[in-house]
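In what comes next, chain A is part of two complexes: it sits with chain B in the first one and with chain C in the second one.
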Partner chain A sequence: MESNGEGASRIRREIEALKDEKARIEQKILDLEAQLQEEASLAHQQQQSESVCNGCFPSVSAADANLAHGLTADSIYRYSRHLLLPSFGVRAQSNLLKSSILVVGAGGLGSPALLYLAACGVGRLGIVDHDVVELNNMHRQVIHTEAYIGQPKVKSAASACRSINSTIQIVEHEQALRTSNALEILSQYDIVVDATDNAPSRYMISDCCVVLGKPLVSGAALGLEGQLTVYNYKGGPCYRCLFPTPPPATACQRCSDSGVLGVVPGIIGCLQALEAIKIASDVGEPLSGRMLLFDALSARVRIVKIRGRSLQCEACGENTTFNQQHFKDFDYEKFTQSPLSTSPPKLKLLAPDSRITSKEYKERVVSGEPHVLVDVRPEHHYKIVSLPKSLNIPLTSMEARLPEISSALKEQEEGTGSGANLYVICRRGNDSQRAVECLRNMGFDLAKDIVGGLESWANDVDPNFPMY
Partner chain B sequence: MEVKTEGDNLPAATTVVKDVPSVQIKVLFFAKARDITGLNELSMEVSSGSTTQDCLNKVVAKFPSLDEIRHCIVLALNEEYTTESAVVKEKDELAIIPPISGG
Partner chain C sequence: MHLMLEFGGGLELLCESVKVHNVNVDMPKGADKLTMKDLLAWVRTNLIKERPEMFMKGESVRPGVLVLVNDCDWELSGQLDTTLEDKDVVVFISTLHGG
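Then we have the complex of A and B:
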C-alpha cells in the first residue's frame, strides 16, 4: 500500500495529465468550429450566388419567391416570428440582415447583447475585447461557459454566437480598443454598442462615434442600478454633451470593487440589443435624448428626458475642431484620470521601510512576534474571508476607532514586555497604504502595510486562501 | 434649512412666521449620489422662487461629499432636462443622476 504522500502526488500527476488532455481537446474543438464556420459561410455564399443564377431562368421554383426581399428559405423559417410581427416584418428583417453592429466588451453587458444580436440576424457582428474569461465573471457574463476559463473572451463569445446562428458573419477583434485602432475598427460597422466598464473607454468610444458619424448604444450597470441611452443619433447629444467634465477618478466605481448583481447588466445588455436592433432595422423610436434608469431593488424604471446636442460640446458642438487626428492624439486616461484597462490602480504612497511583504508577515507570525493586524476593508468584505486574529477596522471609521488599536497593542505588549508591531492589510494593498499614512500621522510610528494585501497573501503564501 | 427624509410623515416643524413662502420638493438620488447620501430620496423645503441650483447648493451643504461629483451629473426636474436656473415649484422632483461606467 502506498503512503499518503505518494498517493497525493500520484493523484496530482493524474489531474495534471487530464488537464493537459482537456486543453488539447478544447483546442481541437475550437479549430474544428472555426473550420465549420468557414465551410458554412462558403456554402452560404454558394447558395446565394446559385439563387441569383436561378433567378435568370423563368423557373417556378419556390426559391424564386424569395428574391424580392432577399430572404432565403432558411432565413424565412429561422426569423419567421419576426416576419409575423406586423410592425417588424420582412422589411425590418431584411434591414437587420444587411446591417453591421460592433459590440465593444464581451462582459456583463456584452454577453446578453451579443447573444440576442447574433440570434436576431444582424448580418455582421463584431466583438472587441482583450480579456480572458475568469471564474468570477461567470455569475453575470452568461455568454461564456466554464470550459473557456483562461481563454480570450472574444473567442468564447464568438463561438457561442456561431453556435446560435451559423448564417451570420462574426468578426473577432481580440485587442484592447485604443485611439490607435478605434477609428479603423469602428468605421467597419453601422452601429456601435458600448458594453465597456470604465469611464475613459466611454469618452473614447463616444468621441470616435462622433468623428465617424455612427450611432452609439450606451449601457452601464453597477451594483443594483443600470443606465441606458442612445448617443449621436440623428443630431442627438453625445456622451460629452451630457458629461463635458469627467467624474473624478475617486467617483468611478468598478464592478470588481463595488460588486454588481449579475442580472442587472443582463437586463441593460438586453435593452442595448433592443435599441441596436431598432436602429439597424429602422423601426420604432430609439432612446435618443432620453436616458433610462433602472433600479433593481425598487423594481423601478424611469425614463428621463436629457438635454439635446450642446452647441458648446467639444466633440460635436457648433465650432468644434475635433476630428480624426485630434481623436488619435487625445489622452483619455489623462482626461479621466483613470486607466482604460480594468486592472485596479497600484498606489505607491509609502516608503519601503513602512511596508512588509506577505511572506515576511507570515515569517513574523510563525516566529510568534507580538503584533496587531488591522484589516481595513469594509465589514462586508471582511465577512467573506479574513486572516486569523485580525482586527477589522474599516478605513472609513479608522480615525474614530484608534483607541481600539491602542488597547489591542497594549494587550499584546503585556505578555512580552517588549513593543508590539502594528500591521495593516486590505484586499489589494491600496487602502492599507492610506491607513498606514493616517496611522503614522496619528502617532503610530511602527505601522506598516502588507504589500499587495490579501491578494498577495493568496498568491505568495497560501494558495488555498479564497480570493474574490 | 428644513430637511427631512421620506417616510418621516410628521408635518415639517417649520417656523410659524413665514416671511417668504416656501415650497416642498423631492430630491432623487442615483448611483454615486445614492452611495454618498445613503438615501434614495429626500424631501426638502426651499423658499419659493428657488432655482434648481439653489436646491443643489442646499443638498451639497448637507452632504459635502456630493461636491466632487456635482459637475458631472445629469439634472432632471420632473423627469425632464433642466438647467440650473430653472425655478422649482411645489411637489417638484429633482433628480441627481451621476453617470455609471461599470459593465
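Then we have the complex of A and C:
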C-alpha cells in the first residue's frame, strides 16, 4: 500500500496529464471550428458565383428572380423572423448582411452585444480585446464559458459567435487598442461599438471615429447603473463635445473596485447591439443627440436630450485641425491621468521605511510582537474577508475615528509594557499608503503600511486566503 | 420653490447615498428668480456631505458631470444662467466608464 504522500502526488500527476489532454482536445476543436468556418465561407462564395451565372440565362424559376435582393435560400430561412417584420424586412436584412461592425472589448458590454450582432447576421464582425478570461468575469461576461478560463477573450468570443452563426465573417483582433493600431483596425469597419471599461479608451475611440468618420455606439455600466448614446452620427456630437475636459482620475471608478451587477452591462450591451443594428440596417432613429440613463434599483429608464455638435470641440469642431497624425501622437493616458489597461494603478506615496511586506508582517505576528492592524477598506469589503484581529476603520472615516486607534494601541502597550506598532492594510496597497500618510500627519509617527495589501498576503503568505 | 433633485452615476455617494431629494429652495435675497448657479451653491451647502471637489469645480460642476434640467442638457438652456421654475426636475449624473 502506498503512503498518503505518494497517493497525493500520483493523483496530482494524473490531474496534470488529464489537463494536458483537455488542452490538446480544446485546441483541436478550435482548429476544426476554424476549418469549418473557412469551408462555410467558401461554399457561400461558390453559391453566390453560381447564382450570378444563372443570371446569364433566361430566368428558369421564380426563386432565381427573387434572389435579386442577394439573400440566399439559407439566409431567408435563418433570418425569416426579421424578414417578416414589415418595418425591417428584406431591405434592412440585406443592409445588415453587407455591413461590418467592430466591437471594442469582449467584456460585460461586449458579451451580449457580440452574441446578438453575430446572431442577427452582420456581414463582418470584428472583436478587439487583449485580456484573458477570468473566473471573476463570468458573472457578467456571458459569452465566455468556464472551459476558456485563462485563454484570450477574443478567441473565446469568436468561437461563441461562430457557433451561433457560421455564415458570417468573424475577425479576431487579439491586441490592445492603441493610437498606433486604432486607425488601421477601425478603418476596416462601418460602425464601432465602444464596450471598453476606462476613460482614456473612450476618448481614444471617439477621436478615432471622428477622424475616420465612423458612427460610434457607446455604452457604459457600473454598479447598478448604465448609460448609452450614439456619437458622431450624421452631424451629431462626439464624446469630446459632451466631455471636453476629462474627469479627475479619482472619479473614474472601475468594476473591479466598485462592483457591478452582472445583468446591468448585459442590458446596456443588448441596447448597444440594437443601436448598431439600426444604424447598419438603416432603420429607425438611432440614439444620437440623446442619452439613455438606466437605473436598475428603481427600474427606471430616462432618455434625455443632450447638446449637439460643439463648434468649439477639439476633435470635431468647426476650426479644429485634429487629424490622423494628431490622433497618432495624442497621449490619452496623460490626458485622462489614467491607464488604458484595466490593471489597477500602483501608488508610490511612502518611503520604503514606512512600509513592510506581507511576509514581514507575518513574521511579526508569529513572533508575538505587540501591534494594532488597521484595515482601511470600506465596511462591505471587510465583510467579504479580513485578517484576524484587524480593526476596520474605512479610510473615509479615519480622521474622525483616530481615538479608536489610540485606545487600541494603549491596550496593546498595557499588556506588554512596551511600545506597540501600528500597521495599515487595504486591498491592494494604495489606500493603506494614503492612510499612513494621514496617520503620520496626525502624530502616529510609527504607522507603516503593508505593501500590496491583502492581494500580496494571498500571493506571498497564505494561498488559501480568498481574493475578490 | 419646490424642486426635485436627483443624483446618479456615483454622485449620490456624496449625499449619503440618497439619489432623489425633494427640496424647497428659496430665491436669493433681492433676486426675482432662481438660477442654476444659485442652485449649485445651495446643493453644495445643503446636500453634499463629503468630497465637494467630486461635485464642483469653481462655481460649476466638475468635468464629467452632466446636468439635466427637465431631461434636457443644461448646455441647451444656458448652463449656469438657466432659470428654474417650480416643480422642475434637475438631474446631476456622473459619466460612467465601466463595462
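FYI, the second predicted complex is superposed on the first by the 458 of 468 C-alpha atoms of A that agree within 3 Å, B and C clash if a C-alpha of one lies under 4 Å from a C-alpha of the other, contacts with A are read in each partner's own complex, and residues count from 1 in each chain.
FYI, a contact is a pair of C-beta atoms (placed from the backbone, for glycine too) under 8 Å apart; a residue touches a chain by one contact, two chains touch by 3 or more.
Everything numeric here is computed off the predicted structure, so don't read it as measured data.
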Review point. After the match on chain A, would you call chain B and chain C a fit or a clash?
Key: clash
Practice item. Give one of first, second, both or neither to describe whether A:396 is in contact with chain B, with chain C, with both, or with none. Key: second
Check your understanding: In the superposed arrangement, which partner chain does A:282 touch: chain B (first), chain C (second), both, or neither?
Key -> neither
Exercise for review: Pick one for A:6: touches chain B only (first), chain C only (second), both, or neither.
Suggested key: neither
Exercise for review: Could you tell me if A:199 is touching chain B, chain C, both of them or neither one (first, second, both, neither)?
Suggested key: both
**Study point:** First (chain B), second (chain C), both or neither touched by A:462
**Key:** neither
Check your understanding: What is the contact status of A:227 with respect to chain B (first) and chain C (second): first, second, both, or neither?
Key -> both
Check your understanding: Which partner does A:39 contact after superposing on A: first (chain B), second (chain C), both, neither?
Key -> neither
Practice item. Could you tell me which stretches of chain A are touched by chain B in one complex and by chain C in the other? Key: 105, 107-110, 195-199, 202, 219-223, 225-227, 242-243, 245-248, 250-255, 258, 260, 265, 291, 293, 295, 298, 302-307
Review point. Within the complex, which stretch of chain C touches chain A?
Key: 8-10, 19, 50, 53-54, 62-66, 68, 71-73, 75-76, 91, 93-99
Check your understanding: Which residues of chain A touch chain C in their complex?
Key -> 105, 107-110, 195-199, 202, 219-223, 225-227, 242-248, 250-255, 258, 260, 265, 291, 293, 295, 298, 302-307, 396
Study note, to complete from the structure: In the complex, chain B touches chain A at residues 30-32, 34-35, 40, 68-69, 71-72, 74, 76, 79-81, 95, 97-103
Check your understanding: In their shared complex, at which residues does chain A touch chain B?
Key -> 105, 107-110, 195-199, 202, 219-223, 225-227, 242-243, 245-248, 250-255, 258, 260, 265, 291, 293, 295, 298, 302-308
